[in-house]
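Right, I'll just put the structure down here and ask away after.
Each chain gets a letter, A, B, C and D, in the order it is written, and its residues are counted from 1.
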Amino acid sequence: MSPATYAYYPGCALHSTAKEYDVSTKLVTKALGIELRELEDWICCGASSAHTISRPLSISLPAHELVSAGKQGLPLVTSCAMCFSRLKFSSKEIQDPETREMVGQVLGEEVPENQEVNHLLEVLSREEIPVTRSLSGLRIACYYGCLLTRPAAVTQFDDSVENPQIMDRLLQRLGAETLDWPFKTECCGAGMLIPRRDIVIKLSHRLLYQARQAGANCLAVACPVCHSNLDLRQREMRSRYGDHFDLPVLYFTQLIGLAMGFSPAEMLLDHHFSDPMPLMREQGWVKKG
Amino acid sequence: MVASPVNSSTDSDLRIVGFLCNWCSYAGADMAGTSRESYPANIRLIRVPCSGRVDPMLIVKCFEMGADGVLVAGCHPGDCHYGEGNFHTRRRLALLRPFLDFLGIEQERLRLEWVSATEGKLFSRVVADFEQELKKLAPRGVAA
Amino acid sequence: MSRIGVFICHCGRNIAEPVDIPAVMEATRAIPGVVYVDENQFTCSLPGQDSVRRAIVEQRLDRVVIGACSPRMHEETFRKALASAGLNPYLLEIANIREHCAWVHGNDRPAATAKAIELVRMAVAKAARNQALFPKEIGVTKRALVIGGGIAGIQAALDIADAGHEVVLVEREPSIGGRMAQLDKTFPTLDCSACILTPKMVEASQHPLITLRTCAQVEAVRGFVGNFEVDIKQGARKVDQEKCTSCGICWQKCPEKVPSEFEMGQGKRSAIYIPFAQAVPAIPVIDTEHCRYIRYLKFNEDKEEGKAPPQCRICEKLCPPQAIDWEEEDSLITEKFGALVVATGYKPFDPTVYEEFGYGHYPDVITGLELERLMSASGPTDGQVLRPSDGTPPKTVVFVSCIGSRDETKGHSYCSQTCCMYMAKHAILLQEHDPEVQSYIFYIDIRATGKGYEEFSRRAQEEAGAQYLRGRIAKVYPKDGKLVVQGEDSLIGRPVEITADLVVLAAAMEPNTGAAEMAQRLSISYDSDHFFVQAHPKLRPVETQTDGVFLAGSCIFPSDIPQSVAQGSAAASKAAALLNRDHLVTNPMTALVDPLKCTGCLQCVAVCPFNAVETQLSREQRTLAVINEGTCKGCGLCVSACRPGAIDLRGTTNQQLLAEVMALW
Amino acid sequence: MLTKDRIVPSADFCQRVEALSGEKITRCNQCGKCTAGCPAAYTMDLGPRQVMRAIQLGLKEEVLQSPTIWICLFCQTCSARCPMGIDVARTIESLCLMAEAEHRKPPEKEIELFHRLFVDSILRHGHLWELGLGGFYNLRSGHPLANISFVPKMLQKGKLRLLPPRTGRGARMRDIFARAREVEAARHKKGEV
């Protein structure tokens, strides 16, 4: 039985570009009786940038949250795969006493040696989810991204690095069909969106192409960075590669919410750039008209 | 004692006993001879079939008799003629060391080395090294 | 008091110059027990040996000490001299005053002389405690057991039998032939594997001195060189070998079809079957896991719920000579052998651990051995290479080397030696099958070190047009019914993408299932990959540390056919040389247990590397350790492990070692 | 910058990278599985395998001036698949840090600029201020209109913050960054990153 209370680290994106992820996370967990206590003074984990600039900083920034959660004596959960990765790397680095001391010096606080870190997917996959509206009709390509499963020794996320199943199984339980496709953990381009948009568009295009090949009518993601790259850039992919995907990219929490009976509006499905509404109408979630 | 400039034998009155396994280290000491790799003359070598044959109590006996140092040498790990004898040696001597402490004998006086049949040079270096180490310790019987 | 004679050798000037020999002799005369001291220019020379012999007789010596070179040089020489003078050869001691003294302290005569005196004194002290020792002669059971009926085992069995000794060849599978039987053609000559192997299989089965035991496994090994006792589990075929005529009706009519192991799961066999057409013996075997009637019997026995399997028994009804024997059970046979040859071979590495390559996930990703079966005229596709997914002939084939080899994270660190060559062979053969086929071979290094191998590898590139790309691949994924292979060509330094119809993984060779357990049964060593360890990697390549146990083939390390055959013959010659002898002389310097002191703690059993310590019950029902002198190698591990001091080692007794130490003070 | 006609291999640089990354670069046998699976290798001058080789040969300039170390997405694919168990991504991360410690001018200056502005945003606000980061980046990189088409809809949906987040963490962040810089300076002095 998983504990019902977690220290919640949303990460920056969930307060801005991934607002719908934050909202759906909160609604779903509340309905399931899981209490997420958002850390009061949380700061950015450094994401994909800090670790190329400063090693002390890149370990200390996530450790700030390890300290806060440790003070509350609660297991930590985050919804963002990037934050999850940074937290996990930091946890691993501070196993080394010398590094732990260094981080303690930077933060001016004692750093706990062992602080449990979860990704929301891990927490929700352990829950019984009451289905009021089956997701049947959705053919979902579950996209895990690079950082949930890799490196296995650090993240200890799923049995499989290349073909994880945890999100597939969760969504299958909600009645969806999930697809066996080979790009579940290929990179979307991550934080290169601003400085090297060309890389992101190329890699994300590759992913959407494969998802469509596999017969997907939508994608499910568990990371706001992946979501931005896949959702925001479909028009640019069209002008560059001529592929007209129009594939909705949904957070897995939004899908859980729909299955639990929340409306598409409550799950902020209208916040996406690649509009999920046609699919919702086709599947009878929203009345045509 | 007045040291004679030509007679180095009086340089040190140390007594070192060496137990060498027949297959590697004894042959290595032979190789040191063949290639004239000289080493201190105060070591006396005893041939045993395997370093694992050396009973820890025999080592204690050497110290009891007044030996300044005891060298046990065998094949390199994995090369033991009998497969795994040297691993037993390693384990047994590790267990013996705290007991030496108890007897008031410095652990440095017991040395375990791996010397193969071809390592004549290494053997002579091991003995010379050991002698130097022993010289740094207070003479046996004098220490408080 | 003993009568010890001491002989100091000058070794020309080798010893005489750095060591003051008269001083050594004078000091030696003063040692109690020494009754005679002499010197020689060269004691090892004939006149020198004569002087020793003469003194033994004239002075009635009962021990001899020789101060000379290393015992590793001339111990045997002087032991013979003692024996010829009527003295037990083990009453000799040698003081090593050359290698350990004269040659290393040459610049310090007083020190060298003092040391020589002490070395002689130590040798005298030890010699005074020497006992006469008598080697034992043991008989030799003139039969060999060969474990494993692949090409290495078959070769060993044939060569031993040709040398005139009886051989039992034990094979786990229903037929001999091993992995070689599964191959289509062989590199670098491209001769048909079956064509060269089948005659050898038949020869082995018809040789008057060879007994084949298929479906059989070695369960336990006892005894020692020349006198092994082996328990062999003979699995039940449930077909009477005497009656069966191999007519084939049973396996043709059996209605139960299961994936064929021989075809690597790509074809079907029946529940009563011979693994392949040329199987030797061609006696079918009933697969008790799948046979409908046996499942029916088990169903009734276990009183399972549900619908009972049918009481088929079609084979029994149709068998003309009525050879089906439902009653036959596994049996245990114990036989004696003088020598054992282990040739348990390899199994292919399972590539499913490489999730990124999709083996087991995408049907058109196969292993090299699977391709062999697809290429074989007797294989599941009658020799047509067709894609497992849709049965179409592949035009673009990608080969990938080092699957499980040279990979320390998911596989083995070693190179499997054969893959480079069989990939070249596959490329050549595919091109022969269908000139339109284009092969791509991803390799890290081309290892073509055998005779004709490099030329063969060139042929794949130059004549068969195989495109070699230096690099590993990273991923295989499906696209439009084909497979996309992502790799790098590290010579040009750019990522490569090939859209292929078929991907063939060159899976590593690893020791066969149960190798470690087999090694433990035989008291031989195995390495961290579970390959068996040779007595010496260069000079004793087919022997083990256990006398009388020999090795051949891929159980030592991945070997190709020529190497396996050579090792089979080599092991056979070692075994035959052993079996040619009427008796073996044992080393008398073995351990000995004092039953009065033994407490039965059996620490000795735990440390003995040779399983030479056996146990007995004393008259008062106490467990006692007893040394098997045939197996004991005289290492003395048990002596120093024995807490009550009940064990001693002949030739290096506790007393002798103590005396040597005491002689120093 | 090639000053010599031919490479003169040396081991010093490799040993230093090994010390900084904790990875045994000499284990690399150049199989190329890293480059084969690297999603960004197509746009690199040196693929990850070549970076490893250049380290082995001691080609410090080539490596630290290579755009590769900045293009790397740190997706960990190479590290997860390396048959020799080398953490290639960690090695490349160490190279970035080495280049930073030496105050080198990065060849992919826009990527490095982005990372710097990103970290700067954390320092100022405690959280990332996306609009601010984008704005500053566009100004500094000389692409003032890049990515601007998304902004109105995102603002409308509340997915971008017009004003920087008021987290009240300013003092705390300045504290953390100052101490991190101290620690870093001490590490640089010891030859660490």
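Convention: contacts are C-beta pairs under 8 Å (C-beta built on N, C-alpha and C of every residue); 3 or more make two chains touch, one makes a residue touch a chain.
Keep in mind it's a predicted model, so treat the numbers as computed, not measured.
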A-D or C-D - the one linked by more C-beta pairs in contact: A-D
Rounded Å distance between chain A and chain B, as computed from the means of their C-alpha atoms: 64
Centroid distance [mean C-alpha coordinates] between chain D and chain C, Å: 52
Chain B and chain D: spacing of chain centres that average the CA atoms, whole Å: 55
Distance from chain D to chain A - Cα centre to Cα centre, in angstrom: 23
Touching two or more other chains - residue numbers and ranges from chain A: 161
Contacts with two or more other chains, residues of chain D listed in rising order: 42, 77
For chain B, residues contacting two or more additional chains: none
Chains that touch, pairwise: A-C, A-D, B-C, C-D
Contact set on chain C toward chain D in their complex: 356, 402, 406-411, 444, 470-475, 486-490, 493-496
Residues of chain D defined as touching chain C within the complex: 29-38, 41-42, 46-47, 49-50, 77, 81-85
In the complex with chain C, residue positions of chain A that touch it: 160-163, 182-183, 210, 213
Chain B-touching residues of chain C, taken from the complex the two chains share: 70-72, 96, 98-108, 110-112, 114-115, 118-119, 122, 525, 545, 589, 607, 609-610, 633-637, 639-641, 649, 652, 654, 657-658, 660-662, 664-665
Complex contacts: residues of chain A adjacent to chain D: 12-13, 15-19, 41, 43-44, 46-57, 60-61, 64, 102, 105-108, 146-147, 149-152, 161, 186-187, 189-199, 202-203, 232, 270-271, 273
